[in-house]
């Protein structure tokens, strides 16, 4: 059993207040959450039932023109120039007049892009010194997991973390979120983004979202463009698929009628549309994700799945995962909507506050150096049985 | 209000002082000229929506001390970036000039001795002293 | 195991082939039956056929509803064919103990395999390595266990020497079969198997087995893994200098994989 | 920030930033000090709070590294200034 | 005549007989196309398992894929061969000029009734189609070369 009340709230209050700052990729998020101090949390395994209240959840996304990716230095500039104003907005929304009331300021320590992470932590340190509020460094993926658990109340699900920078299948055991399977090269979000770039699909609101809409519009859903299917045991690799589908996309975009797959050899009439490519890519990539997830579920014999990370908002992925879970003794899939599955500050506050309540805070700013590589299984999960 | 300043020294420059002249516009803006979005994004048609925040004013409506400091720092930073970029160009040209002399001398030698292979690599081999 | 899957295979096999489900993995469901897929019944009544009729294993890859039909068909065919080929090739390697492949239907993802093993005495369950080691928990370091584990290591050594990898080498995928009086270890379930010359894949195979032994028999794991490695090394040591060098590479990578804590083998 | 005197870094720049109070200068030093320099052999920075002034000494192997290093640290200093300005 | 059916495909019935000391092989070879049954060189068959494994494969392919030869009987001969080369399969497993032992096989829908006299055209001594009889007649070198 676990005591989540080990570290009490400030000046005898009966609730905790935490500020969360996220900026590991192109989304800058500020969130403020509140946990009630409840006796039941003193001796239980209820870290997914904190009765967390969201006081504010503000976010600004750095978007580049269609066909362009986002570079660390421009992303960092975006975060740096918006961070202070977003914190002010969040405090206003949360109705917090005296920020020194906060129990903790939680920031994303990693993994992610170095410069954007750093631009956020400089402000976090300054706030911590000014308000005399202790800092907590949070692993970005653990943030996603704890947010998903709290929102969906899924007790001990296998977690599929799919975003621009990560693709991992994770299961909890012995105070550690173990990585059961992962991408051997690029993350799925990255694969979708680069595919969108080749086809000049807009980045607003996100390339992945636009691919999903195009896939729905695909007219002949019964015949797929055949793509490589590269699952290797519990892991998967996507660079091969990206390379192949990218070359198809280029041929399509430049009307290269010599490509037999895309254009009829005699008439030169286009056989495959952008929608078909989007549909085939999704069916292929998501089938691989569901397969490695099912393999991990069989391994730890669980029938619950939690999908976190930006790509988790994809309804088709959720559908396919749900269909798989139904066949595994009526399991369920849990997913959160874009307020939470896309990077946000609330998830960092939630995971950070759990660390804070277990007494894990930073006392020397030297421990706040951000890191691009921060594996999910390096975190000691004290708040779970 | 004392002003931020900077002093630069290098093997080629005895000393160069950077001073703030509060009356000039470049020290009264938070939006520096050398800290904008990168070139490739602008070329792709990006409209910059992420400029630094405007300076803050106190109850009397004047800029706060720290807002003034931030604007002055922004100007000073532009000065330094421009100056140092210029210094980089000087160094590069000097290196190119040396490389040209080297190349010309090489070609003359080749004519004289009837050189065998081509000596392009010689230019890269020239390390910056 | 969902009833839907059982109905699916029952319809495919027809009522002439009664089936008993025994396990469901992520990808395939395993049944037993005592009806041979094609041989006339009277042909197989070999003289020492004890009371239990001979049994056969049916491994079935059900249709996955979440997958697009064309992906599902292609995958099922590719993997069923792959597993059959490996089983067929391995059964031709001298000294390597694997169950015999009887029949394959790549269009419906169904493989018939020889049934090996039996129930251990005093209801210790099926005679896979995991239960066998539990059965000897009272006398963990006895000679039988040592001999068996050395043989297990020897089997893995033979597999790797011939450049095959298992891909999911857990203690439930090593089955002990009675060959005239003593237990012989057989490797089963090559669903994730592959031909591979990579020391990485071999290192991971060994690491998965080591983790499996540690997670189910932690108190005696050190000695057990040592005996397995003894058997493993004996294969390479018999192959002269080339064998020694290859073994050194595999053992080095095995060490690296162990340090990296290759997450895939994190057994619950 | 421990100084790695070792190789001589001939391109130097001294930067002086007058905060309103000594506390603000100290905050700046505390906030800026933890981050390690990616290439210590090419670039080196030292922060000192002298009263309400933040004094920063930069040393670099050449103008290019100096320009990048100085500009990015000033960006961080501007963040500190903006944060204190907004929330104190 | 051995009558059997594959459990999974019980809508088919299989009839097979083994003949030894066959005299009219040459004549039978000319009639191969018109015979309502397959004639297999028994010296290439070592066991009932090998024979019925081929029958199983033939029915499987015709049910779930497609017939690659004229009919089920010829498909069985093709299924005996590890390669998919039809010509080679017939050359190796079909009856040869000098074949003495012939295994006759037919696979038909169980709605048809197969008379015992189906294979009477084969002039030879019918013996029990059993593993023992097959093993004693097998000529391993014919099989060994099969790659």
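Worth pointing out:
Going by the order they are written in, the chains are A, B, C, D and E; count residues from 1 in each one.
The definition used in the following text is that a contact is a pair of C-beta atoms (placed from the backbone, for glycine too) under 8 Å apart; a residue touches a chain by one contact, two chains touch by 3 or more.
Note that the structure is a prediction, hence the values are computed from the model and not measured.
Annotation of subunit A and subunit E: jointly contacted by C, touch as defined at the top.
Separation of subunit B from subunit D in touch steps, taking the shortest path, is 1. Compare each chain's C-alpha centroid with the centroid of every protein C-alpha atom shown, and the nearest one belongs to A. Set side by side, the interfaces A-C and A-B show unequal numbers of C-beta pairs in contact, with more at A-C. The geometric centre of subunit A is 34 Å away from that of subunit D, both derived from CA atoms. Centre-to-centre, using mean CA coordinates, subunit C is 62 Å away from subunit D. Each chain gets one centre point, the mean of its Cα atoms, and the points for subunit B and subunit E are 88 Å apart. Per-chain Cα centroids separate subunit B from subunit C by 66 Å. Residues of subunit B found to touch two or more other chains are 35, 52-53.
Subunit D has residues 75, 82, 84, 86 in contact with two or more other chains.
Counting only residues that touch two or more partner chains, subunit A has 80, 84. Contact annotation for chain pairs lists A-B, A-C, A-D, B-D, C-E, with touch applied as defined. Put simply, subunit D touches subunit B in their complex at residues 10-20, 24, 53, 62-64, 66-67, 70-71, 74-75, 77-78, 81-82, 84-86. Within the complex, the subunit D residues that touch subunit A are 27, 30-36, 75-76, 79-80, 82-84, 86-88.
Against subunit E, the residues of subunit C that register as touching in their complex are 12-14, 16-17, 35, 37-40, 43, 103, 105, 107-108.
Taken together, the subunit E residues at the contact with subunit C in this complex read 2, 4, 6-8, 10, 48-49, 52-53, 55-57, 60, 64-65, 130-131. Residues 35, 37-38, 40-41, 44-46, 50-53 of subunit B are the ones touching subunit A in the complex.
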